[in-house]
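Several structures are given next for inspection.
You will see two complexes here that share chain A, one where it goes with chain B and one where it goes with chain C.
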Partner chain A sequence: MSGPADKRPTLLALTSSALLLPAYQGVRADAAPEFIELGMRYSKYEEDNTQGSKTFGGSSQRYDIDAAQFHLLAPVADNWAVAVDVQWEDMSGASPWFVGQSLDGGPKVIMSGASIEDTRTEVSVTTRYYYDRGNAGLNYVRSKEDDYDSNAIALDGSFNSADGMTTYSGAISTSRDDIEPTQGSVPTNTLKNDKDISSAWIGVSRIVSKNAIVRFGLAYTYREGFLTDPYKKNDKRPGERNEWAFSTGYRHYFFWPDGALQADYRYFDDDWGVASHTLNLAWHQNLWRDTQLIPFARYYSQGEADFFANIADTDKRYYADDYRLSSFGAVTVGLRVRQQIGNWAITAVGERYETDESWGVYSGDESPALVNYWRYSFGLDYVFR
Partner chain B sequence: MLKPLACLFVALCLSGCETVQPWERGTLAKPGMQWQTDPMEISLQAQINASKEASSGGQGAAGGGCGCN
Partner chain C sequence: MNQLPLFEHQFRAMGGPCRLRFACADDGLAGRVITAAETEVRRLEQKYSRYLPDSLTSTINRAAGAQQSVPVDDETAAMLGFAHTLWQQSDGLFDLTAGILRRAWDFRSGRLPAQSAIDRLLPLIGWQQVQWDASSIRLPLAGMEIDFGGCVKEYACDSVGAVLARHGIERGLVDLAGDMVVVGSGSALEPWSVGICHPRRSGAAIATFSLAAGSLASSGDYERCMVVDGRRYGHILNPLTGRPVQGLAAVSIAAPQCLVAGGSATIAMLKPQGEALAWLAELGLPWFAVDSAMACHGELGER
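The block that comes next holds the complex of A and B.
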């Protein structure tokens, strides 16, 4: 068994870097980056058409989105780094407007009709300071769409225990969102409104063994203001929402076959009556020296909001027929491949998301507007070594 | 009922760890052992899921919203 007394120079080098390794790692480890890093991703997101049997007016096209992401991480001093992230999206298609009752009594969805066109640009700037036993970051995000403007600021920090076995983390954020719906093919339920979001999170992670690590987190989010969807005909939601999320994660490395199991679980609960379970599983397989093959799967199940009904009762104080507030289960399967070539890395991802009311652990009426989609991404990263 | 069970689970997990010396942590630095292996991928997935489902967050503070439908 190795110990401090028999460390060789190479082992000393490893020890030096390992001492910096925190039990909790966010986007980056505790050590400040040494080199400038650049990254870009292009993603194509395509929703399946709504089935003709579930709509009035036959099959209807839903959203297609093209998204481009850019990432820059740069050291600006020994213990200080700045990251800039930019995301641009171009979306077109139709979304569910409301759900009506067909002649046979079943619910059918009415789509928004004419294609909606919108673009979104998000700019995020983070400055991070690294100290002996942790790091702290300050983040500002601006998201701008034709009909939506969001400004958010967040502060986060992490602190390692003296033995480096445990890391305590925390974050707080606040945002102000302004909504001004585009007046177009369907009437909106507000002309101009706003909402505020405040959130706090605490986490602890712990090294379990030489090849396993675990973490736990607890998050609270408070939303206040106009929480209704302005483009839905039958939608009126409470002006406040309190959300709690408990999460846990586990990583385990297996020397054979040189791969790692990644497992994450989240339980979500709020005062609208929504509760959900989310389980993410991934296998990170190393192939040769520079290739990683990462199959992944996600299971999600949510219970419906107290005021959800397929055929909304607009005489009630609050009501919604939005499929996103209904009970359903969703399964995602996908594959991510990463190839390192010198200072370059190429990434490709493909995933399929499917929903069904019967796949959930909560009971409820199946919404005719549930969505399935494909998503493909391609990316390049470069490190200026 | 769930909250006390979750607290007990956390306490059992944290107390049951073996001490791992700094020079024994090389495996923990491997890419597959990170909480976020690809921040841009994680960010996009979280945004898509939040726009299609009623629950979101849990891995940090929530940040701002978007008009994503």
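The block that comes next holds the complex of A and C.
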């Protein structure tokens, strides 16, 4: 007979081998949904006005976006589910038209005036099939605005290793976007044009311990067509763009204080000379049984495109003064709260985004058009159990 | 918390009476819970019962001796893995292939089998002979069989408990012929009072316990036995000798998972009495046992 030192391992051995059975995995990622889920979400995105000292008169009012989202997920058979997502956005405000040189030599931004008022409707339909060791989805998205029409189709799949510890995923997608800028207060760079976007993604995630999971991903995107911003005065971009991104993430659950740390990093690089680092940190704190508090922070640093200049040299082959192609650093902090009440779940998110050229790790000229914003959202979900 | 109405549903499956009890605010949801729970029990019975010709177990057994292995899904692979752990931890006493001993032992006949009949079966028994991995299984000798009888009912109990929890049930008890799982936990909830069958007196309880959370599984020799020349032969058979174990009369174990409780109770029943009591004392789970003289052992809670 063996002694006590050998016996505790008996319980450990039995428990750990039992827990591999599906009944103990909770709601598994690969299990088809059992119930109809309905969700609604309202969010508001509010850019700060551009500082008066950085603009040449005119309106310094920036963008506001009000968005309403509707989500339906319904099981259609044991292994099939269909999700429908509809989003309506109402955008208003002005965006930077171009950057000019002020008398003191510094760059100042000229806004387009409060001329833009647009609505966007997006409908996304996903059908997903769940098999023994993973799932596969087919997604179609149609997005329509006054000046923009996009059709995208995507295919994704995941496959778990036999021991259930490793998941391999992949996705491919393609989209066709038609651009027909609204003719109004500013002259546009095109009357009618289009672009195509194709992308592929592969990823692997692995459970490294009872409490931790690590993941890696590689993505490639190819854009072709009219990639110039139609509304910006000094904007002429190449007709092709190749983008690569590497991402990794780690998630660790701590028994005490019943919370999980999530850390994600992404490196992006393209053939326009833009490169960026993104670091995400979040803490998921469970409170009692039904409440989750998730404070999060994101750091972003971007290096400018080869053809970016605050004062664009329009004699060059390509040029842009768009702040989104400049060098800058940005910090986001926010809080997400989720409360479960029976079959209902309430989610509220508030976040603040601030940006500055000096916060980045890349050097470059500071764009006067860099923007800070607030974003809030409030959602309500219901599960028909 | 408000006192929600209690729903009850009884049905027969897996060779015994099954009973669900749970608190639920509305009738419609209660109906869906009952349907989903019974469907899950029937699913596992259809998949693993050796009595059903279309079950996976029957398919595996029919292929015994063939060159081709039988493909298995993840759930079955994990079940085989758990059975393998039970085999290792019991030094070979728990063996999925031991069920064929019932071809020799007919407990209704009142006659002991000839040793030669047992000896013919022993070469077909032995988990170490089975070729299996995460996606397939092959029984190498014609006549070999596996039987998930020692695991499936306990696993079904846990799985039905998970079904109730997914439906938002916060207080419930799943009882599949004596194996039980409590749904929901928390000191605010009143514990369930559960009785353990007397190994010798049918329909009587030898002990009653209160179960607030987790699960309770029981194993005993009360179901089938025979007395020949004044000696009692229980239906728990040692796969190494092919003969009944002179062990405990009944064992109940509490554990977070009914599958772990049930597997441990089965191992305890397969060991000689003294060894079984020592093994239980060191296991690290609350347990209760009745020996062959009907004396009670263990500390599961108040009786």
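As a convention for this text, the second predicted complex is superposed on the first by the 354 of 385 C-alpha atoms of A that agree within 3 Å, B and C clash if a C-alpha of one lies under 4 Å from a C-alpha of the other, contacts with A are read in each partner's own complex, and residues count from 1 in each chain.
Throughout what follows, a residue touches a chain if its C-beta (ideal position, glycine included) is under 8 Å from a C-beta of that chain, and two chains touch if they have at least 3 such contacts.
All values derive from a computational prediction rather than experimental measurement.
> Look at A:38 in the shared chain and tell me whether it touches chain B only, chain C only, both, or neither; answer first, second, both or neither.
A:38 sits against neither chain B nor chain C.
> Report for A:281: first if it touches chain B alone, second if chain C alone, otherwise both or neither.
neither
> Which of the two partners, first being chain B and second being chain C, lies in contact with A:385: first, second, both, or neither?
second
> Mind telling me which of the two, chain B or chain C, contacts the most residues of chain A?
B
> For A:164, using the defined touch cut-off, is the partner it touches chain B, chain C, both, or neither? Pick first, second, both or neither.
both
> Using the touch definition from the top, say if A:208 reaches chain B (first), chain C (second), both or neither.
It touches chain B, and chain C stays clear.
> In the superposed arrangement, does A:125 touch chain B (first), chain C (second), both or neither?
Neither partner.
> After the superposition on A, what does A:343 contact: first (chain B), second (chain C), both or neither?
So A:343 only meets chain C here.
> Touching A:133 in the superposition: chain B (first), chain C (second), both, neither?
A:133 contacts chain C only, not chain B.
> Please work out whether A:86 is in contact with chain B alone, chain C alone, both, or neither, and reply first, second, both or neither.
neither
> By the touch definition above, which chain A residues appear in both interfaces, chain B in one complex and chain C in the other?
Overlap of chain B and chain C footprints on chain A: residues 3-4, 7, 11, 14-15, 17-19, 21, 24, 26-27, 163-164.
> Which residues of chain A touch chain C once you look at their complex with the stated criterion?
It comes out as residues 1, 3-4, 7-8, 10-11, 13-15, 17-24, 26-27, 34, 132-133, 162-164, 342-343, 385.
> Which of the residues in chain A come into contact with chain B in the complex?
Those residues of chain A that touch chain B are 2-4, 7, 11, 14-15, 17-19, 21, 24-27, 29, 39, 41, 43, 45, 63, 67, 69, 71, 85, 87, 95, 116, 118, 120, 122, 139, 141, 143, 145, 147-148, 150-152, 154, 156, 163-166, 171-173, 175-177, 179, 195, 197, 199-201, 204-211, 213-217, 219, 221, 229, 231, 243, 245-249, 251, 253, 259-260, 262, 266-268, 270, 272, 274, 276, 278, 284, 286, 292, 294, 300, 302, 305, 324-325, 330, 336, 338, 347, 349, 353, 371, 373, 375, 377, 379.
> Using the touch rule from the top, collect the residues of chain C that touch chain A in their complex.
Interface residues on the chain C side: 29, 32, 36, 73-75, 77-79, 81-82, 84-86, 88-89, 133-135, 155, 158-159, 161-162, 166-168, 255-257, 259-260, 263-264, 275, 278-279, 282-285.
> Which bits of chain B are touching chain A when the two form their complex?
Per the stated touch rule, the residues are 2, 6, 9-10, 13-14, 16-41, 43-44, 48-49, 52-69.
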